[in-house]
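Below you'll find a set of structures to go through.
Next come two complexes, and both contain chain A; in the first it sits with chain B, in the second with chain C.
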Partner chain A sequence: MSIIEFLEGPAWKASAAAFLIFAGWRLVVILTAGRRHPGAEPIGSPLLGAVGTTLRHFVPRPAFWRRPKVWFVSLAGYAFHLGLFAVLLFAAPHVAFIRDHILGLEWAALPRWGFIVAAEFAFAGLLTLWVRRFVDPVVRLVSRPDDHIAAGLTFLVMLTGCMALGEQSVALRAIHLGLAELWLVYFPFSSLMHTFTWVFSRAVTGAEAGRRGVHW
Partner chain B sequence: MFFGARARQRGTRAPLALGAGLAGLTVVGPALAGAPPKVGPPMQTGPENTLGGLSDSEIWGAIRHEAFGIATSQRPEDGVLIDADGWWWTELRMPSGPLVQGAIWFLLIVILAILLFAIVRGRIRLEGGRAGIRIPRFSLTQRVVHWTVAALFIIMALSGLVILFGRPLLIPVFGHGATSVMASAAMQAHNLMGPVFAVSILTLFATFLPGNLPSQDDIGWILKGGGLFGGHPHAGRYNAGEKAWFWTATLAGVVLSVSGILMLFPDNLAPWVAELAYGFPRARDLLHLAEIGHVVAAVIMIGFALGHIYLGTYGNEGAFEGMVDGTVDLNWAREHHDLWAGEMSGGSAGTGAAAEPAE
Partner chain C sequence: MTASDAPKRMDRQGDAPDTARVAAALEGFLAEFGPRASIYLNACVRCGLCAEACHFYLETGEAKYVPIGKVKPFEDAYHRTTGAFAWLMRAVGMAPRLTAAELEAWEELIYDSCNLCGRCTEVCPMGIDIAELVAEARHGMYHAGFVPDRLAEITRNAESRHSPFGTPEDFRRTIHAIEGEFGVSLPMDKPKADLLLTLAPGDLEEHHRSVVGLARILDHLGVDWTLSSDAFEATNFGYLSGNRELQAELTVRLVDKAKEIGASTILLPECGHAWTAARWELSRWYDGPLEGLRIRHIVEYLAEAVESGKLRFRQVRETATFHDPCQQIRRGGMERAARVVLAALGFDLRELPDHGETAFCCGGGGGVLSNARAEPLRLRAFELKRRQVEETGAHRFVTSCGQCRLSFDRGRAATGWDKAVESLIEIAAENLVEDTRDAG
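Then we have the complex of A and B:
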């Protein structure tokens, strides 16, 4: 069995299984943890608070609109996440991989220029946000090694992916796939889980505020 | 000089019909100055008249010397199968040519000069020790921009050097197979990161321009050799060396960006720009210049960056922390940027209040 056969076969299945099992387990633990019921009568609607906060946090609070730093973080964040989302799900090689190894069905892929633009935004966003973790004194203090490992691993997966774009070398594809599998295994145990947990976090915060009558 | 030899041999490109009829192709070629192409009797070996009035060697010889024919494309240069004008460029950029060899030697000399300086001068230490008082030097924006550009520059430089030096340096060590994999990876990364790097260079320029305009103090700093071999000449927020690096990075960055984007879109953008520049859509000439400009600017920028990295990290005690946490020791500022330190001390240096880094 060649390395690429191993990576596309047993290694892929094992890493995908690890991702599904442990990410699912973490989500179940979070959702079933339960919370102590507050004794006070609710003043406002927890549901409205949850929905409102989940949506409102897509843009910075108006009080901070005059601060360029806030816009930098927001725009870089959107550039990275939307770029990565587009590349992950709509890059032609990924669509083909999902068809052949995961779902058995495919959808329209981005044209090459669309892939390039999405990747450029993703790289620019990730790099600037990762650099900020090192040089912003506050963010540096609240950053754990996990944050840097997650950012670094994501960057390496993206970089090796773009290096394999020529599709001329099995070795380059193997490096990219190997790192992507490592990323999948690391995912459930790291801050990368915010991919799924961000909505719970916002909703709970909003629900608690809504219960106290603070909706906006 | 590189244009000369071929151009003189070739003469003008006035179209001249050499003959008609090779599988329906009409070949039109250049009239050599004073010596029109020799058209001899056909060397007929097959069916009658398949070669028209020309032999194979005459037709291919004409093509080899930039004969042009009729192409479906409307662009004149597309009718030229072999661009004889490009030989000077081919000779210039081949692995043993002056461009690649010059780049290798330039970078080797820079590395040796830095090593020699490190051995002779050693680490430039703070003469008065640390004052223990921190003054703000680089804002958060400046640090984010600087390190983003730095990260992109390292990726671009390494991938670019693999592309440039692959044949003369990497193939002898790693062989053709491994080098082709490295070159493919480098080219894809280089092409994809290039536009991001171009934007980052513009951001770097806008962020660091204040303080980097030339001033009278720079003359004294240059005359004293920047204090690299002893002493500390007066300097403001940035000394003349830092300003030289800023402007080199800016100008080289612009050349790299413009030439790189032209090479990214050779079929779409280059002919259009060439028409604007030359008045005719001869994209090949423009792309030759773009590649040469790209290599020269890149090598100069990499050479300068090596010196910048050495002095900004190990070579100059106390400098690196300014770009990490944004502050420097007051004594470092007094020794290396005394005029700026004076300005800061006159205001708020060391008090921690209202001491904002200059933007």
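Then we have the complex of A and C:
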């Protein structure tokens, strides 16, 4: 068995399984922790509050538009996340991989220029936010080693993915796939879990806000 | 973030050894790790945007005031004890360790520099309710004996003397004194009444006109009401200090008294955190709504009476700006109610640059006003508010929280600012009209 066969076969299955098991475990522990209070008699609708807050926090509210950092982080965040999702789901090699190893389905892939634009957005956003962790005193103070490891791993996966895009080199493809699998295994133990927890966080806050008749 | 970012020597209560303090803190923290805290502590991406909403950070520029950093010991305890991989982290020696030194160092961040105002939630991309996390973190801090001395003393008074203001006897004496001073009748300890009126220590110590105003409004509405000398305290220093046991006792005391006298309403005075503690935290102690009993705040009560045509006011016809008390407005849902009353009074409202649900705190909420040590920091927050009030050019400055008024009064005294802050309820009571033809 060659290295690439190992990475595409047992290693892929093992890392995907680790991702599913540990991420699932973490979500179960989060959602079943401790004692749940029934909540006070509502003024408004907790459900509508949950939906409202989940949507409202996609865009900074006007009271914070005067704060440049709010725009800076929001725009960099969108550049990174939208670029990453476009590359992850629509890069031609990823579409093929998903078809062959995960779903058995395929969809239209990004043209090469589309991949390049999306990747540039993703790199610009990620590097901007990562550099900010070192230079902004507030973010430097609260950043944990995990935040740097998660950013660094994501950066390496993206970088090797771009290098392997032409698929001329098996070695480059193997490096990319190996790093992606490492990223998958690391994911459930890290702040990358915000991929799933963000919606719960906004929703529980929104439900409480809805209960109180306010708009957090 | 390290403990060196915070001051080294804080207040300590009791003489327990450090190991016992850490164990007590962990016990307090553990009691708070429900699904909500758990979700929040697993959602933060450390973007630091919460600092952009915090008046203490904005006014000082000191990174240590970033709101999410204030709950670090609480978060560390979660990852050591409750997190999904706590067992693994402990096994490999990577679990965060709580120390008494760290807890002590964080006392300033948890008590002095957080008003529990919740403005940071509004800017957080994850919508994390950091104020709630700080309130929960205070539970562990209280048990560990790391509370600002002045706040701890007031809390002890609430525990041992019935109220931070004093004993039931002190209350009776003061109520009689107010009756004599203003020539009003304040019903007390009626065996049966439809409404139980509660008061805050500030009302009894300094804001006697508020007490009289509340009485005038209730009498005007023809309500069958009473004060109770053994259930008069609206404020809840159990909530502010992190003493959950006391918080429960103070809340249950009001509910029990209301049930005993057959009241259908517990009315809270112009106080912010009393509303949070009694109205929104009630479900910690009771499963579901209270049968036949409602907890109301005087601001919403007044607005409802205005809208139903039961109350009319002489028109003030002056410009005014309004400070939105955080616990009533952003965290309490009474933004509209306060403006209904202001409009009914005929004020030409000049809103603050940041108002309503995004208003800045007065700087004194969340127990900070009661924490003498925090005064220099509180005055920095006061400056922000003062600038905003002056910017409006309004003739009068009104609010609906006694604690906010005390906070502004302390700030005014310290800085020589000549802008008096007035009580919405007092203004309403002074402008009540008996005959609706007089209202214009």
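The definition used in the following text is that the second predicted complex is superposed on the first by the 210 of 216 C-alpha atoms of A that agree within 3 Å, B and C clash if a C-alpha of one lies under 4 Å from a C-alpha of the other, contacts with A are read in each partner's own complex, and residues count from 1 in each chain.
Operating definition for what follows: a contact is a pair of C-beta atoms (placed from the backbone, for glycine too) under 8 Å apart; a residue touches a chain by one contact, two chains touch by 3 or more.
Predicted model only: the values in this text are computed from it and were never measured.
Look at A:39: by the touch rule set out above, it reaches chain C but stays clear of chain B.
Legend: residue contacts after superposition of the two complexes on their common chain; A:88 is shown touching neither chain B nor chain C. In the superposition on chain A, A:131 makes contact with chain B only, not with chain C. Looking at the shared chain after the overlay, A:213 reaches chain C, while chain B stays out of its contact range.
Set against each other, chain B and chain C differ in how many residues of chain A they touch, and the higher count belongs to C.
By the touch criterion defined above, A:69 lies against chain B and chain C together after alignment on the C-alpha atoms of chain A. In the superposition on the C-alpha atoms of chain A, the part of chain A touched by chain B in one complex and by chain C in the other spans residues 69, 136-137. Note for the complex: chain A touches chain B at residues 68-69, 72, 116, 119-120, 123-124, 127-128, 131-132, 134-137, 159, 162-166, 168-169, 171-172. Contacts from chain B toward chain A in the complex involve residues 140-141, 143-144, 147-148, 151-152, 155, 180-181, 184-189, 192-193, 195-196, 199-200, 323-326. Partner chain C is touched in their complex by these residues of chain A: 22, 25-26, 28-41, 43-44, 53-54, 57, 60-61, 63-64, 67, 69-70, 73-74, 77, 129, 133, 136-144, 147, 189, 191, 193-194, 197-198, 200-202, 204-206, 208, 211-216. By the touch criterion stated above, chain C contacts chain A in their complex at residues 1, 5, 30-40, 42-49, 51-53, 57, 63-64, 66, 68-69, 82-85, 118, 121-129, 279-284, 287-290, 329-333, 335, 354, 357-358.
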